[in-house]
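Following: one structure in structure tokens, then a few remarks.
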Amino acid sequence: MELLQSIADSFNYWIYIILMMIGLYALVAKNNLVKKLIGMSIFQTAIILFYVSIGYKDGATIPILYEHQAHHGHHDAGHGDAEDAHHDVEHAVEEAAKEIHAVAEDHADGHDAHADDHDTLVDSHDAHTSSAIHAEDFANPLVHVLMLTAIVVGVATLGVGLAITQKLYGEFGSIEESEIIEQIRTGK
Amino acid sequence: MTEQAPIFILLFPFLTAVIVALVGLRHKSLSWPLTLVSLGASVCASLSTLAQVVEHGPIRYKLGGWSPPFGIEFHIDGLSALVAVTVSVVALLTAIYSKDNVDAETPDKSSQYYSLFLLLVSGLLGIVITGDAFNLYVMLEVAALTSYALIAMGNKRASLAAFKYLIMGTIGASFYLLGVGYLYIKTGSLNMLDIREILETAGLFNSPTILVAFILITVGVWIKMAFFPLHSWLPNCYAFAPTTSSNIMAPLVTKVMIYVMVRMVLTVFGPNYAFEILDWENIVVWLAVIAILAGSIGALAQKDLRKMLTFLIIAEVGYMVGGLWLADETGITGTIFHIISDAFMTLCVFLFAGIVFAKTGARDIYALEGMFKKMPLTMVGFLVGAFSLIGIPPTAGFFSKWYLVQGGINSGNWEYVVALLISSLINAVLFFRLIEIAYFGKKPAEGHDHHHGDDHAKVSEASFTMLLPLLSTAAILIVIGLYNKELVSVIQDFLSQFNLATSIR
Amino acid sequence: MIWIFDLIILVFLVITAIISLQVKDLLSAAMILGVYSFLMCLLWSGMGAVDVAFTEAAVGAGVSAVFLISTVLRTSRRSSD
Amino acid sequence: MKILGIITVIITGFLLLQAERDFPDWGDAASPASDNRLSQHYITETINETRVSNMVTAVLADYRGYDTMFETVVIFTAGIAIIGILRVYGPSTKLEHPEPTLDTEKPDLIIETTCRLLIPIIQLFALYVIAHGHYSPGGGFQGGVIFGAAFILLALARDLQTAQKWVPENRVLNLAAIGIFIYAGHGVLSLIFGENFLDYSILTKVLPGDAIDARYHSMLGVEIGVAFTVTAIMFSIYSNLASNGKMEEGI
Amino acid sequence: MSSTITSITPLLACLVSLIAVLPIVLLRKSPNAREGATFVAGIIKFGLVLYMLPTVLAGTKIEYTLWQILPNIAIEFRVDGLGMLFGLVASSLWILTSLYSIGYMRGLKEHSQTRFFTFFAISLSATIGVAFSGNLFTLYLFYEMLSLATYPLVTHHQDKEARTGGRTYLTYLLTTSIGFVLPALIFVFVKTGSSMDFSPEGFLAGHISPSAALVLLLLFTFGFAKAGIMPFHSWLPGAMVAPTPVSALLHAVAVVKVGVFCVLRVFTGVFGIDYLESLDIATVVAWIAAFTVITSSLIALSQDNLKRRLAFSTIGQLSYIILGVALLSDRAVTGSMTHIAMHAVGKITLFMCAGAVFVATGKKYISQMDGLGKKMPFTFAAFTIGALSVTGLPPTGGLISKFYLVTGTVDAGQVALLVIFLISTILNAAYLLPIGYRAFFPKDKELSKTPFSWKAVEEASLPCVLPVCITSTLALVLFIKPQFLINLAGLMLGSGG
């Protein structure tokens, strides 16, 4: 199982490369314009997968703060009104996070290198209040932001590509690249 | 307000693009003046920024008030300021020119056209002034999406060309994005200067990841700039796009991509890494030599005026890629200088091609017959552009070649020098072929007529809005040539931080 | 995240990607691309990228598929490859 | 073409695999990307600097707000581009189809009723996603896409003409433009008050609360702007693609 | 001796004809005013050059820096002996050529005369610019300007022949200037990093290796293809399609002389005679020039078209000049420099005569010219004097320069080259002198018996004949008073020649 798991770990990077190559191949080699665009979608999502993988941390949760942490964060300003409204949601999130924490601790036992990290983490837990924010606990939010942009760019490009495809179909009556090129060649 | 000038470079065209999209639906006639005003303002802002950079050194403009690695910043040094001025001025000239073309070639859609036009300009300006590697990608996509549309709004063949461009452009941009990702996984930063600092302090230069990042980014940008083996999308795109589209894209898009390449190599990876640790100058210079020759020879084979010019762009891209990889300060100065002068040169000849197309409706080079008689002023503008591309002093093109050849000699890359000269000669052949056609006309002058052909009754010059940009571009070419020392001193100020003089072989 | 789910999803991702590119009927290809996007969305939410997953679900599996389908219906459904 | 594709794929794949061995372990919290002050700053300081618990939203709309503005512009560009490429003005085919064909058939009752029920719920949910982006996954993009999907659903279930009655073409464009103006307006307003572009903290002059609150509130405003644009453009793209640019009948 | 003053006069002298373009274009509607403008500009130009003559003769150089165009490099004018000599020749002959071209163009009712005069004026500016340029860069600038400005003149007829000729013309000139001179120029700049100012000592010494020096020397010699060194000579016969005044200008005043002038400059100002001597590489150039001299003379013998024969004669004479300077002895270099002037005067006479014959009779071929001397006595008298001068026989100026060249060869100890000089002189005489002789004493007995009478004289119009007479007189005068030219040339050699 350990072996499988380690394969699964590097698998993430491999799969992104495989997916990307599938997309790239389709982009270059497919003859049908819509197929090319599908390839493009796959190509782009593969890159997004890569980015998201960068941001992943073992045992970290989603980059949204728990209620008490948020509270801790701005206790000086004394803003409590958000707290009531979202009590339920954040409670649920907190529960989920605790579970993940437990998993993370199991993990830590398996890896010596991680154990050290975790000790310091626990130390810092002791030093501060239990609700302090630790970077190790949350997935990297930056890559998520970047990838939101990338997704949007992807759909925008897809839309434009489809529009051009439709225009080409209107003009040549085909969405096969070779047929269109043939028409241009013979039409001249 | 001058400290806010950097944002205004971008803000004017970008906001006006949205306004044009709105207002243009109801009042079509407003699109053009709005475009002009906004680009004029952008030119002013970029000039003011350039003045500040020259006077006080690089500007770091924090967007959102966040200090650099956390927020996005504009990092404007001499290089970006110069290129920004070039982009905005070229855009303004093209916009003036576009008045008659846009309505004629894309009826009903002029508001969308101008909106896209302005968005393209904002995208390009955004690429130039940003200091953030990922923001550059976003801007790249803004510019790319608009280009696809601006090309696809042309005739039948333009649509297919646009689709190919879309595919190639996406591959290029994605490679760039992936390269930035590889940089990020190793450095954890997106700010260009920050990445550079981390690369140096953490000693990451031997990491294969950084190598792959470098290759991905370089190849991605090469695809976008149509560097020779990756150029196949370019000729048809620019040849069949609407006139204004090719007028704006031919001078700017490839040049801005070269700016990105220079920026990445010098600012992000650093010349030390790109030229010394990797040490593949020779391969790249040879590739550039092939690109130069292939572009020039490709141009020789063309009968279609605009298509011929597109092959010249490919050759010019070879100049600049090669010039950068000469790894010599003078060569890089030449590359940067060539970005500017080539933008105007290409603009000049494309404006001319546009006028010829508008006046005669023909695409091939024989449409030029007798042009010297029919439109002498237009031809004067063309001559300056052609001389500049050939490299005849005192036009800008001569001086960029001057620096490039000097760099080639300094670094001992004789093959590059020879290729440059051969390409100049081929350009001479190309343009004198055109000049000959224009000068001799279909039938040789009827020999010994009494009223020695000086009567201007037959003259039909292009309209004022077409002629003005052409002649201004010609004037700018000469002015750049005469004032090249000043430009070069700005470029060398920029380059002085990289210690290139010591890092050459 | 649970590695066994991870593995299954990754394998299915590759399978759907290949199928959507190989199937000759473009409408099916579009639908399978939707499935691909949805799997991707699952994977990402497993990695803690909820916002990205959410967006992918809305954009990739939803709107993109609709765009593709409308284009396929407006043009031709058959593909030579 | 196939050979070319295979060569490209092999070269690129080989290159990427080379670098893969050099990557930090998957999910390693100590990897440079995660260990860098940049991502740590976003995780630990966001709450203090912006009071937004969803770090993604904070980074998206504030730290990297400029990116996001242009992300919106990408969407806007795509919309305009597709109109530019596809849209055919004028009554070109009106003569062939005096009435949209779908109008003559009665739409399916079940679908119609379900949609009538669903669409308000989808829209409500979209609004929730937009407004709740500060505390949970979501925000302008996601909400906007969902909102746009509601209109697309309407157009799919009934026909394009019906949806067009709700959001005619010009109104779509107005909405898109307004969205961008809302976003850029925040930036311009900060410029007017004498700070850098998109520096929301200065907006405390017009918004309640202190400078951090101003950031918090501005982010909501900005998300709404994004939502406007995305909603409008998503529908616009759909209606152009579905009607081949004629805006007469959908698929 | 080598003091320097700053004055704007060189610039003005260069610009006068460029500024004259404006009135020429504006006055296109009235030919008289237009040609008047040309003429006035010519006289002002000559006046300005003359104004500088005493200063230069006194050993002072006149400098003017126009524009700092590149780091280290300025567009700079400097008038020294050689420049003055060439400037004097060009500006004085321009007046005569203008006069002549008025007669020629009107006589043949040519089209597009405004364009003709416009580019004529621009060419002159470029020529004076070359003459007075202070460094290699400025020289190159004006050299290119000249190539382009003369293109419309060469292709003036705009017919098929002109197209071919013009194409050859530009191909040769641009290929060599971009392909050879430009890299050589940049190479020099890279290696020396200096401002590339001409100086009697040269500025290359110590910066480059001997082999690089040889390559550079050859690049420059072939690169300035206007000098017509073989194998880059064939543009010159091709350019004969131009109207005769243009040929005269090309051959005597502007183009070819600019070519040799540039080569002279490179030898004396860039490398420096002493440096070249120490390197011992100039002999290569000397032999190439010698080859050109003999070959072109032999080709000239076989030409029946008068202008073509003159063209090949020019190629040979130009190589004399280069040969002279390549010998590197003081006398030979002096001879080269003076030969610029002497040959210019002689050759322009010959060309203008050929043109006058064409205007008056429409005849182009030597075989048709039997006995024409009686119809056109002034023209053919002038032709004979010109031929004598070019051949280098008394009582003409050509003798002086040839004398210096020959003695210089002896100084240099190159006996083989001396033989070549003598052979070529015989060949010169063989292809030039018979023309004049046959014109007056035709083979055809009938023609020779016809007595001379003033009534039968059918000269071309006065503006054609007058310049011919003046230049032939000038050729005679230079025989008597060559000293100031030799002085000017001597200034370049430092020692005073």
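As written, the chain order gives the labels A, B, C, D and E, with residue 1 at the start of each chain.
Heads up, the rule we're going with is that a contact is a pair of C-beta atoms (placed from the backbone, for glycine too) under 8 Å apart; a residue touches a chain by one contact, two chains touch by 3 or more.
Given the structure is predicted, the values throughout are model-derived calculations rather than measurements.
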| item | value |
| --- | --- |
| Any chain that touches chain B and chain A | D |
| Identifier of the chain whose CA centre is least distant from the whole-structure CA centre | B |
| Distance-maximising chain from chain C - centres being C-alpha averages | E |
| Centroid-based (C-alpha) most distant chain relative to chain B | E |
| Between chain B and chain C, centroid-to-centroid distance (C-alpha), Å | 38 |
| Centroid spacing, where centroids are CA-atom means, of chain B and chain D in whole angstrom | 31 |
| Gap in Å, rounded to a whole number, between the CA centres of chain E and chain A | 77 |
| Distance from the mean Cα position of chain E to that of chain B, given in whole angstrom | 44 |
| Where chain E touches two or more other chains at once, by residue number | none |
| Contacts with 2+ other chains: residues of chain C | 50-51, 55, 59, 63, 67, 71, 74 |
| Residues of chain A touching at least two other chains | 9, 12, 20, 24, 26, 31, 53-57, 60, 62-64, 138, 142-146, 148-149, 152-153, 155-157, 159-160, 162-167 |
| Which pairs of chains touch, using the document's own definition | A-B, A-C, A-D, B-D, B-E, C-D |
| Chain B partner contacts - residues on chain A that touch it in the complex | 20, 24, 27, 33, 36, 40, 43-44, 47, 50-51, 54, 142-143, 146, 149-150, 153, 156-157, 160-161, 163-165, 167-168, 171-172, 177, 180-181, 184 |
| Contact set on chain C toward chain D in their complex | 50-51, 53-55, 58-59, 62-63, 66-67, 69-71, 73-74 |
| For the chain C and chain A complex, residues of the former touching the latter | 1, 3-4, 6-7, 10, 13-14, 17-18, 20-21, 26, 29-30, 33, 36-37, 40, 43-44, 47-52, 55-56, 59-60, 63-64, 67-68, 71-72, 74-76, 79-81 |
| Contact footprint of chain D on chain B as seen in their complex | 4, 7, 11, 14-15, 18-19, 21-22, 25, 61-66, 69-72, 106, 108-109, 112-113, 115-116, 119, 122, 126, 132, 134-135, 138-139, 141-142, 145-146, 148-150, 152-153, 182, 184-190, 194, 198, 202, 207-209, 211-213, 215-216 |
| Residue ranges of chain A in contact with chain C within the complex | 4-5, 8-9, 11-12, 15, 18-19, 22-23, 26, 30-32, 34-35, 37-39, 41-42, 45, 48-49, 52-53, 55-57, 60-64, 138-139, 143-145, 147-148, 151-152, 154-155, 158-159, 162, 165-166, 169, 174-176 |
